[in-house]
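Okay, so chain A shows up in both of these, paired with chain B first and chain C after.
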Partner chain A sequence: METAEYSVVLFYSTSNALQAEKLFKKTGVAIKLIPVPRQLSSDCGICLRFDRPDEPSVKAILEKKQIEIQGIHPI
Partner chain B sequence: MIYLDNAATSWPKPEAVYQAMDNFMRHTGANPGRSAHQLSIEAGRIIYETRESLSMLFGIGDPMRIVFTSNATEALNVVIRGLLHPGDHVITSSMEHNSVMRPLRHMEKLGVEVTVVKCSSEGFLNPHDVEQAVGPHTRLVILNHASNVVGTLLPVAEVGQITRRRGVLLMIDAAQTMGCYPVDVEEMHIDLLAFSGHKGLYGPQGTGGLYIRKGIESSIEPLKYGGTGSRSEHEYQPDFLPDKYESGTPNTVGLAGLGAGVRFVLEQGVNEIQKREQVLTRSIIDGLKAIPGVTIYGDSDPRKRVAVVSFNISGLIPSEVAMQLEEYHQIMCRPGLHCSPIAHKTLGTFPQGTIRLSPGYFTSDDDIEGTLEAVRRIIATKARF
Partner chain C sequence: MSENVDARGLACPQPVVLTKKALEKADEVFVIVDNETAKQNVSRLADSRGFQVSVEKKGEATYLHLTRKVSGLEKSSVTPATKSDVLLISSNTIGRGDDILGNTLMRSFMHTLTEAETRPSRIIFMNSGVKLVARDSEVIGDLRALEKQGVEILACGTCLGYYNLKEAVEVGRVSNMYDITAALLDADKIISL
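After this line comes the complex of A and B, so read on.
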């Protein structure tokens, strides 16, 4: 099995993370809410993990819906 | 038993409300937005869904503009105490609830100037009188959308045009209208709106909230400071919504119920609920009108009011009538001043107050007929003494 490469979206507020989760579930992008990995520092305790190749579509969706994010980081 | 006290708290609730609360308590139960385990995330999702459903009801795109409070009173206090400073001028009406009057009178002691615009004896407000009261230091106009005493609707959209044009903020106390009367905050130029969760939105007591138009939050200090689950490494309050005003563990079980209540309203449609409540209001007004010795307050056109009817029986004090309605006819209503002394002064019913009947979406035609019959009997009994 191939090891997947992931990135995470960090948010300022949990509410934004949950808003984004719902949005991605609707659009069919594979995501998962996970605790923020220890090496990263975030304003909110949860973040959205996605397959790294999906980054352009993840960014486009967040921008289109004007959801404020703290950043995107590879993990 | 006939329950006609929906203006205080709606009851019964839609079945889905009981189920959502029971389900949360049994199967989720955790603290939302604090931890990252599945139960915590699920609790957060429940609150987010409630926020999103409310944003649909308000006609706004961004759910984060909705902040949860423990009731409409708290939402009103956030704005009145967090926005106004000594030297500011605020305008309100003579039909307000004490949830507006008391915090305003408190701010008056601290140096805020308060103007109370007089309404007619039916509870109507002339928008022109509001415009006349606007001065160079006017910061805020704060009005109820519908009176909790007589149900009279205030001309929010008309005042909204004035306040927007004059650069004054408009806050609406929608405790009596949210869920049973259409509210579009953008169209009506509403900047801030306080709502109750346990009346027309069918949630449990202990729920309510505040809508804040984008950008205004930078001028409003929070009432409470504390943990939000965000920016945990900072010792300063976050400045973004909703976290800025949502410190401390929220009433998640209540918000689960509120979410189910709001979805019920969206499914039924506000217009359908409004139509049904107008029918009930018309039946009460027409029925009471036909009984000699009854005085009804406010306008008798159900289209100019929500489902709140106040009346008196000549020669009887309101508390006595309410006692008889309950004791002999099992009808639950509310007599007295309804926390709104200034409204009763406007209507000419201070200090004795009125008997208030407030039907809801679940009130039946038989409930109304039974209540009218009870009023007739009380009057007939009185006549025999």
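After this line comes the complex of A and C, so read on.
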């Protein structure tokens, strides 16, 4: 895990981020709530970090539940 | 002159209180305790008072033999005071207001702390803050990382007991009001959240 490559998904609001977090936990996708990295900016100060290979499932889950995101970025 | 303290069956902080009294009177103290927390707390107290500690376990009981180190070689007199920044976390949320937001801020803070350039030497958890070191806490990974980086994690034993979390501690050390008070009073800087 030390060398894991991560991406983050950014949201438009904190409540969307928290809603998505619950969803990922339920579906077993390993995520971590972290502050939005300095080099990125977002309307909301927190984002969810995930293992980069999980990107397709992250996208699929968010789309299915129609949670709007601001973007996904590698970090 | 030596003193004997039988602290078996006594609840925290009694073993520490009795040992402290004995250390003031004698250069050699024999203490019997029956649990790990008491053993650790008594050992730390003795160490901080310049006593050598040797431990022997016999069945349920642990025997601690405390002897005063030769004067002039006491830890406090040879080790120069190092800078001590203490972070005091007395709630599982940051600030007052909505708890969901407060908890989110705390998690975000702990993550950031693992990546910060300066770190506190100690983090002390009190009141509902102790929930952060116990099972189901979202920040255990971060706290473990901080501990690995040399940050001392202390959780208030009274508080863990109150919230029924004594058996659920996942990271750090169970501490008592003596250690916590000393850490706060000795600190160069305290950040209280």
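Definition applied: the second predicted complex is superposed on the first by the 73 of 75 C-alpha atoms of A that agree within 3 Å, B and C clash if a C-alpha of one lies under 4 Å from a C-alpha of the other, contacts with A are read in each partner's own complex, and residues count from 1 in each chain.
One rule holds in what follows: a contact is a pair of C-beta atoms (placed from the backbone, for glycine too) under 8 Å apart; a residue touches a chain by one contact, two chains touch by 3 or more.
Bear in mind that the values here come from a model prediction, so they are computed numbers and not experimental data.
Engineer: Tell me which partner A:22 touches in the superposition: chain B (first), chain C (second), both or neither.
Structural biologist: first
Engineer: Which partner chains sit in contact with A:14 here, chain B, chain C, both or neither? Use first/second/both/neither.
Structural biologist: Touch status of A:14: both partners.
Engineer: By residue count, is chain A touched more by chain B or by chain C?
Structural biologist: The partner that reaches more residues of chain A in the superposed model: B.
Engineer: Kindly classify A:33 by the partners it touches after superposition: chain B alone (first), chain C alone (second), both, or neither?
Structural biologist: both
Engineer: Of the two partner chains, chain B (first) and chain C (second), which one does A:44 touch, if any: first, second, both, or neither?
Structural biologist: First partner only.
Engineer: Which chain A residues contact chain B in one complex and chain C in the other?
Structural biologist: 14, 18, 33-35, 45-46.
Engineer: Along chain C, where are the residues that touch chain A in the complex?
Structural biologist: So the residues of chain C touching chain A come out as 100-101, 104, 107-108, 111-112, 138, 141.
Engineer: Where on chain B is chain A touching in the complex?
Structural biologist: Touching chain A: residues 32-36, 41, 44-45, 47-48, 51-52, 62-64, 228-233, 238, 240, 242-243 of chain B.
Engineer: Across the complex, what residues on chain A touch chain C?
Structural biologist: Touching chain C: residues 14, 18, 32-35, 45-46 of chain A.
Engineer: Note which residues of chain A are touching chain B in the complex, please.
Structural biologist: My answer: residues 12-16, 18-19, 21-22, 33-36, 41, 43-46, 66, 68.
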